[in-house]
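There are two complexes below, and they share chain A, which is joined by chain B in the first and by chain C in the second.
The block that comes next holds the complex of A and B.
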């Protein structure tokens, strides 16, 4: 367990670094068309060849890394914040409000996230939403499809923590709700949620690529792997590399995030919840719920 | 016992109602949309305001949302899902031709995922830390990380372009189903093979396994006779979740291989702003996902008496 973090973090880190430094790594403008070099094979000037519009494949792959990274980080942060706020609020306040919020979370989890995202993109295709660009439609749809898992997890942690004697102690000492929540509970919530999010990143990169592949995500000419792959499908007999290269890039990124997820899964329930698990029956159930939520969401 | 089943079923029905109400509210969020689209279809781009208003009035689009939802739900319960704005055909007709294709896709994929996961998981457990075990772990990791559209593309490159065994597009006969099945089975098969492997390992460290060894059974005998039945519950639960997720695979696969199923229809409905078609497909999806979950829960209760005991708060 001592040496795994770096070995497992490295692939994901490489993707993040490529995304950040993309403009420095590109050899060509990824959107510049060159009709004198259409579908050309690998060469000194075009390392991975060119696509059907003569655009440099290497630069498009690098640019695609940045597109995926930016979209993924935006959605993940937004979903995480919304989920933590709603989930923690539900868990902390309890009673009827909690019941209503849990029902909403359950409804949101009744359909797979990607189906919800697709349905929302469909809704946004209406004229009332035409002021939004396709890119933002995708970002908002994915965020609205993704928050519920984080809300469920946050609520479970809050419920488990509230059972702890130290909360009672803090209350007796006259601590305000805000103080108890931000000082004592939120760190536990964030601990679990951030770990889960770093493993969830792969699923999100995949979702972005799938939406773009279906023509409902990142629109051309912005380079994106899923969209590059579907473009390449038309030329699959002439130049299969146009399909294989973006596919391999995407698979490599998802594998590296899934490796992270597997490493985290080995530790199963984090300490914060485990502590509560041993103490009282009710909190034990909450702990189980967290573990279940985490494993289910992963699958 | 029976009360638990009833309770669970009741909850599932409630969830279906709530989820369909939510999707209905979302899809009809932009009022006048459907009327404008119908008018456009009937009179070309020259559709004017009064015509749109008349259509909206005729379809009852000006009624309050709950009234419209109940009317729509009532019609749907009698098999009337409206008329697709894109194809102009009744949705029930679309369903009749498309559902069998998607079901065949899901069923074949499900069977294949089942076989794949059991073979990979058991082979890994038998090898137990050997080269094969580690190799299968790697295969499962890559299988669970490869986008299904990339799998579909690779299979097309190898079997259609290079070997020419199957057509690149469309379905004709059994062989053309093979590539779609393999494509959607790879992801769930990989995830499930890990469920088999990890749970077998866990079961092998339990006291009953030790007893088995003490009785003089071979490792393989303990594995298959004592440990294997223990993976049933986690396997069933994950299989249910993965089976529903295969619908996403089906959406992608239907597009890549030109299968005219529900998934392909859904994407077309989104692209062509066919709100009536979208609503009907979403209703179908909600029913599908909630009932698969219900079936898995009930099957788990039947398999494990401990789950039948009502949980007290």
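The block that comes next holds the complex of A and C.
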């Protein structure tokens, strides 16, 4: 039990490495069609065979990893930044502004992210948005569907930290709001949000595949696992590997990222990486208790 | 007359709660001369902590004004927040909570210097060594986190941090209550030494009268959001004019068992009334052993009494006062 989660994190690691080094690993151009080798089984020149247009499956899997990785990283970073900025702002400023922002966040959270993304892609399909490629439409739609969770978390951390007496102490020392936020509050926010993002990465890879599966994400001929699944479905009787291989790749990566997030939460990662998610929760609780004791003592 | 470090006039702090208006501080006048070591005492809930917080602006006041070093505190803070911080510092009751748990002691002590952009890295390092010296801590604590220090060490660090900016006025909110009795004496002596060494004006909120008697040059006794009595510590403690002060002092145990066995004790009946709904007339009238009819009707104002200080009691006068 102590060592197996590490093994299961390998797919996530391989996914990231493959995504980074994709151009070096591909044996063929993943978009090049070869009508002399349609639906061929695995061979020395096509390790995993070819699809219905004669494209090399191995190179398409590799290329798909890169497509997903880039989209995932961009969406995750953008959602994280937007979420942290909006959430922290709401938590720090308080009052009516916070109320309005919380309402927006709650509305965004009430709807499933994928539904929001689908609706936004629908909006982007209009003439006015034709200058954007489908790929970027998907990235923007996913970002707008994904930020709310980070905003909610950031706000909660900011509100909890602001009640800590050391913030008051920093005010007494003459610290500006900017100083207090960047020096004292932001590190706590990032500590939590980054850990959450590691688990969220899997969900995002799945969402990208889902949108592409529905034909709303990455447009052909760019290799993408979800889209490869659809393409392969019609030929499942000729070559089941066309569906099985992208499906397996997707499953392994998603499960692996989920377990990574869980490992963070269960402190099964090295101390240096952990950032003390659970420890922080505990000490925050202890902080609340001392604060409560202090107010009781005063009262 | 103008050489006051702190002057509060008609200071009121009221809290709106679901159960009504809590009058935590309800009209306090306070004048603390420069270089004084002033103690604010009273039982729990009398508003002494709120008063200390209101003086430095951690708590906004409902009414009244505070002048520090002759300048209006609100205006000063608005115009020059950092300048104010360099002149007036605050020490919190809970030293651990008042330090970030992510920072080492060194980072904690350096933070005020960084905020105010004081010195180069090496100058700050020298200043840190100086501060540790001042509060008698070894330089080995710099790399430790506050949580790994003892209670006394933590309070020393928080004192050192407050001194980092060379303030003229130091306000301490129960700096001793979180400490072991054995450590209290050390910290009290530290305060006394710092006051003499640096010429600080120190205001200390406490509920330990023995300590106040030991170190404070003057004292304010609070009861239910108002000043009951104030004056120079020695004569006031020797001959308190207000029945409440007399009762408080009679509760201080004596280290001598023979005195302890025979000394008279005044037991006050009941609890202090709620600050939501203070009694009419004298606030102490509900528990005062020598209460007279007029006490329940008109509220006594502070007036000069025998020990050269002031007391808010109808029965106290310049020549004589009621003794329980």
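As a convention for this text, the second predicted complex is superposed on the first by the 254 of 299 C-alpha atoms of A that agree within 3 Å, B and C clash if a C-alpha of one lies under 4 Å from a C-alpha of the other, contacts with A are read in each partner's own complex, and residues count from 1 in each chain.
In this text, contacts are C-beta pairs under 8 Å (C-beta built on N, C-alpha and C of every residue); 3 or more make two chains touch, one makes a residue touch a chain.
Just so we're clear, the structure is a prediction, and the values are computed from it rather than from any experiment.
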> Does chain B (first) or chain C (second) touch A:72, or do both, or does neither?
Replying inline: neither
>> After superposing on the shared chain, does chain C or chain B touch more chain A residues?
In response: B
>> Just checking: does A:117 make contact with chain B only, chain C only, both, or neither of them? Give me first, second, both or neither.
In response: neither
>> Just checking: does A:179 make contact with chain B only, chain C only, both, or neither of them? Give me first, second, both or neither.
In response: second
> Between chain B (first) and chain C (second), which, if any, makes contact with A:166: first, second, both or neither?
Replying inline: second
> Is A:187 touching the first partner chain B, the second partner chain C, both, or neither of them?
Replying inline: second
> Both chain B and chain C touch chain A; at which residues?
Replying inline: 299
>> Looking at the complex, which residues from chain A come into contact with chain B?
In response: 103, 106-107, 110-112, 114-115, 118-123, 125-129, 202, 206, 209-210, 213-216, 226, 229-230, 232-233, 236-237, 240, 243-244, 247, 250-251, 254-255, 258-259, 262, 282, 285, 296, 299
> Which residues of chain B touch chain A in their complex?
Replying inline: 15, 18-19, 22-23, 26-27, 29-30, 33, 36, 141-142, 144-147, 149-150, 153-154, 156-157, 161, 168, 191, 238, 241-242, 244-245, 247-248, 251-252, 255-256, 266-267, 269-271, 273, 275, 278, 282, 285-286, 289-290, 293, 311, 313
>> Applying the document's contact rule, which stretches of chain A touch chain C when the two form their complex?
In response: 164-166, 168-176, 179, 183-184, 187-188, 283, 287, 290-291, 294, 297-299
> Of all residues in chain C, which touch chain A in the complex?
Replying inline: 44-45, 49-50, 56, 58, 81-82, 84-86, 89-90, 92-94, 96-102, 111-112, 115-116, 158, 161, 165, 177
